[in-house]
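Take a look at the structures below.
In the two complexes that follow, subunit A is the common piece, with subunit B as its partner first and subunit C second.
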Partner chain A sequence: MRAYLEFAIKKFQNKMTYKLDFFMGIVNTTITIAVYLCIYKALYGNATEIDGITFQMVATNFVISLGLSSAFEYNEMFLQDRVKDGSIANEFLKPVNFIFRLLSENMGEGCFKILFHFLPATVFTLLYARLCPPKSWVHFLVMLVSVLLGYLILWLISLIIQTWSFWLFSVWGIITIKNVFVRILSGTMLPMWFMPEALKKVIAFTPFESIYFTPVQIYLGELSTMEILHKMGVQLIWIGILGCIAAFFWKKGVKKLVVQGG
Partner chain B sequence: MIVLKDICKKLGENQVLDHISFHISPNENVGIIGLNAAGKTTLLNVIAGVLKPDSGFIRVGGSENVFEDKKMLRKLSYVSGMRHQLWEDLRVKDSFENGIKMYHLDEKRAKVRLEELEELFEIKGLVHMRPQKLSLGERMRCELVYGLLAEPKILMLDEAMIGLDVSVKYKIMEYFQEYRKKRQSTILFTSHNLMEVENLCDRIILLDKGTVIFDGSVERIMKEFAPLYRMKMKTEGILPDFDDLPLEKIRILQDGIEVIYDQQKIKTEQILEHVVKKTQVEEVKLYEPDLEGTIKKIYQKDL
Partner chain C sequence: MKNIIEVDGVKKYYKIAKREKGFFQTVKHLFHREYEVRKAVDDISFSIKKGEIVGFIGPNGAGKSTTIKMLSGILYPDAGTVKVNGFIPWKQRKQYVKNIGVVFGQKSQLNWDLPLIESFELMRYIYRIPKKKYEENLEKFTKLLDMESFINQPVRQLSLGQRMRGDIVASLLHSPEIVFFDEPTIGLDVVAKEKIREFIKYMNKTEQTTIIFTTHDMQDVEKVCERLIIIDLGKKIFDGSIDEIKQKYANSKSIEIQLEDGEKQIKMEPEIESIIRDIYEGKVSLSTDEGKENHS
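For the complex of A and B:
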């Protein structure tokens, strides 16, 4: 456990040394949020709410979902690069679980970005836009747990695609398509409230809603206690399902590597 | 420590390892030699568990599945000149600190040891840099320190001296000899530089097309495959008669004589004694067979 914590800390500290990346991250997140808020401000015009959704709620949705999505970005080509140059075999010689090591490092990077990209960008956004406060401190804390679960869902989706590098020449294209799907279907481009009912029904059967929209709903207090438990239960189920799929591909891929030599 | 029995491995259409069997005891330094694509790296990968043999039996330090055995992995270190272990995006010192936690090392002791290794491998000024900023030689020195940090019982070095300066290289090889004695460790070493192998190893496994064509001590390989010595003597006066000596070849030179002989049949001193009795010897040059030449001969004969 100490080793995994160390991996996360080292990644966190490492990110701090890239000063330009540090400032660009804040600028990038702030601009992305600002662009979306401008578009929706124009769409709202003088209206105070659309379908019961206020501009403040939309702005809060964008700050949480866009801010977190940029904080949750990491090098998704890591596994492919290692498989391609053969160094993956050496990675396996490290006496730790490779998947948990990867997760620790990515989480270390995510924590850095939340603290130093997401939070400053949120403060900048507050200078020109009003955001909804959390329904209560309890809602806020529960949202943090839900954000962690959402991160795991997103991470597992990415891991599944990354494991395909054992068979495919490049997974870059698939990762790009996956990112487009995540952006659209998780409500980071069009808030889930405004999606057509039919599409919402389809999305309900996918893990995408659980990534950002569940934390947003918990934060805004849109869900009753039972609904929160239900939605977080759904998040856990998706983690279980995606974890099993990722484990299946991972085991098959590793077997291919140790049997066929890559 | 390491037991391989009838190990076969096919990669694609190539039979890379073909019924390989040997046993390596603790405290043995073994050089694995072979031409390109002889199966050296594949053999190390099989021993390290990152490649599964198609058939045969393998046991490394009591474990039959090193790949899954984290305890065993903590006792094994694999330093390769081609594939690296350090974290690419972290500073070298961060990789070392990760290693300390990963190998469950006592922090105080590990830091003292790290200091010593940094001094010996001359990397003190490099530890704050990232591996991609280092030259090949600098990087390999850091990789070696990382590999030695956990004091492995099995140390596998695959072309690990690549890019190193001669002075550093010999200092490091001396350290490996000491390390083996102190830790009773096993070192497996592959290199294209046979001088390094000769210096470091007391046993050689010679591979050709996936099979072991020789397994024994450096002395034995020389005896079996290169027993012929050459001696040039600058003489003055009448040359003696060599008919009674079991020499392989005699060549009369302008200022002396050259003899080629098998040390198993006749010793150098005996020849010299014979010559000195009859004539005055002004200069003697002795050409011993070297490992590189011997191995070259073995392959040339075989191929």
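For the complex of A and C:
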């Protein structure tokens, strides 16, 4: 356990070394949120609410989903690069589980970005826009748990595609396409409330809704206790399903590497 | 002493897609591929005792790295058995790697952005090295390899020689019983090479570490190794001591001239480098050792 914690801490320290990256991250997140808020401000015009959704709720949705999505970015080409130049061999020579090591590192980076990109950006946003407060402290804490589950879903989707680099020459294209899907379907461009009913029904069968929208709904208090349990159950089920798929590809990939050489 | 590494009849074949020139061949290649089999390692057997330093040499593409990869558990052989320290490397990987160290001269395992010492700290947790042992080892190694001056610098600012020393320390902090070096002196200057050679010898002497190392530098071989395994085209063509190879295969003899006044001595010994060159070029034919020959 301690080793994995150290991986996370080392990654955290790593991120600290680049000053420009540090400041640009804050600027980047702040601007992204500001652009979306401006667009939606214009769309709302003088209306106080559309379909029962106030601008304040939309703004809150964007701060949480956009802010987190930029905090949850990391180098998704890591595995591919390792496989390509053969340094994956070094990873197998350490008595640690590579998947958990990857997760620890990515989470270390996520923690860094939440602390130093997301929180400052939220503070800047508060200077010009009003956001909804959480329904209650309990809702806020439950949201944190739900955010963690959402992160795991996002991470596993990425891992599944990353493992394909054992077979494909480059997974960059697929990762880019995946990111577009995630952006559109998880509600970071168009909030889930405004999606067409038909699309909403389709999305309900995908893991994308669970990534950011479930935490947003919990935070705003849109769900009853039963619904919260239900939605978080769905998150857990997706983690289970995606985890199994990722494990399957990982095992096959490692076997291919070990049998055929890197 | 007990054999710590036992390799018996190991084979590793790679399937390589055949490609022919020309447009139509390329199109055909899309739908139908023909494969040819390359024998990277073809029936190699040897055993190594605890505390030995063995040089593993052979021309480029002879199968050295493949063998090292099989010994360290990254690859598994198509045939034959490997037993190292009581483990089958590729089967009990996680247990097995706790007791070995591997240094790849061409692939660094250090954290690029952080000071060297941070990478060492990480090793402490990965291998669960007790604090006392870690501190002792670290102090000893930094002194031996002259690393005090740059241990707090980020790895990306280090020279190749400094980084290589860092890599070596990182793989030895947990006091492994067996260490594999894959071309540890590649691209280094004379002084850095000498430091590393001395260090390897020291580790072997004081800790009884079993060391296997591949190199193309014959100075490495001459100064460090006691025993030499030469492989070519996937087969073992020589296994014996340095002296043996000198006696058997040198096309020059050693001469000792003593001048009349008895003060000046001129010694001429056959150079290992020229012997090895002759072997690679096929000028000297080696009988397959111990009479074990394979007809195929």
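Note that in this section the second predicted complex is superposed on the first by the 261 of 262 C-alpha atoms of A that agree within 3 Å, B and C clash if a C-alpha of one lies under 4 Å from a C-alpha of the other, contacts with A are read in each partner's own complex, and residues count from 1 in each chain.
Throughout what follows, a contact is a pair of C-beta atoms (placed from the backbone, for glycine too) under 8 Å apart; a residue touches a chain by one contact, two chains touch by 3 or more.
The model shown is predicted, which means the values in this text are computed figures rather than measured ones.
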Here subunit A is shared; do subunit B and subunit C fit on it together or clash?
clash
Could you look at A:38 and tell me whether it touches subunit B, subunit C, both or neither (first, second, both, neither)?
neither
When the two structures are overlaid on chain A, which partner does A:94 contact: first (subunit B), second (subunit C), both, or neither?
both
Contact-wise, after the overlay, does A:180 reach subunit B, subunit C, both or neither (first, second, both, neither)?
neither
Given the touch rule stated above, what does A:3 touch, subunit B (first), subunit C (second), both, or neither?
both
Interface residues of subunit A shared between complexes with subunit B and subunit C
2-3, 5-7, 10, 13-14, 17, 85-87, 89-90, 92-96, 258-261
Along subunit A, where are the residues that touch subunit B in the complex?
2-3, 5-7, 10-11, 13-14, 17, 85-87, 89-90, 92-96, 257-261
Subunit B residues touching subunit A - in the complex, by the definition given at the top:
11, 42, 45, 48-52, 67, 70-71, 73-74, 76, 78, 80, 82-85, 87, 89-91, 94, 97-98, 101-104
Flag every residue of subunit A that touches subunit C in the complex, lowest number first.
2-3, 5-7, 10, 13-14, 17-18, 85-87, 89-90, 92-97, 258-262
Could you pull out which subunit C residues touch subunit A in their complex?
12, 14-15, 40, 66, 69, 72-76, 90, 93-95, 97-98, 100, 102, 104, 107, 109, 111, 113-114, 118, 121-122, 125-128, 154
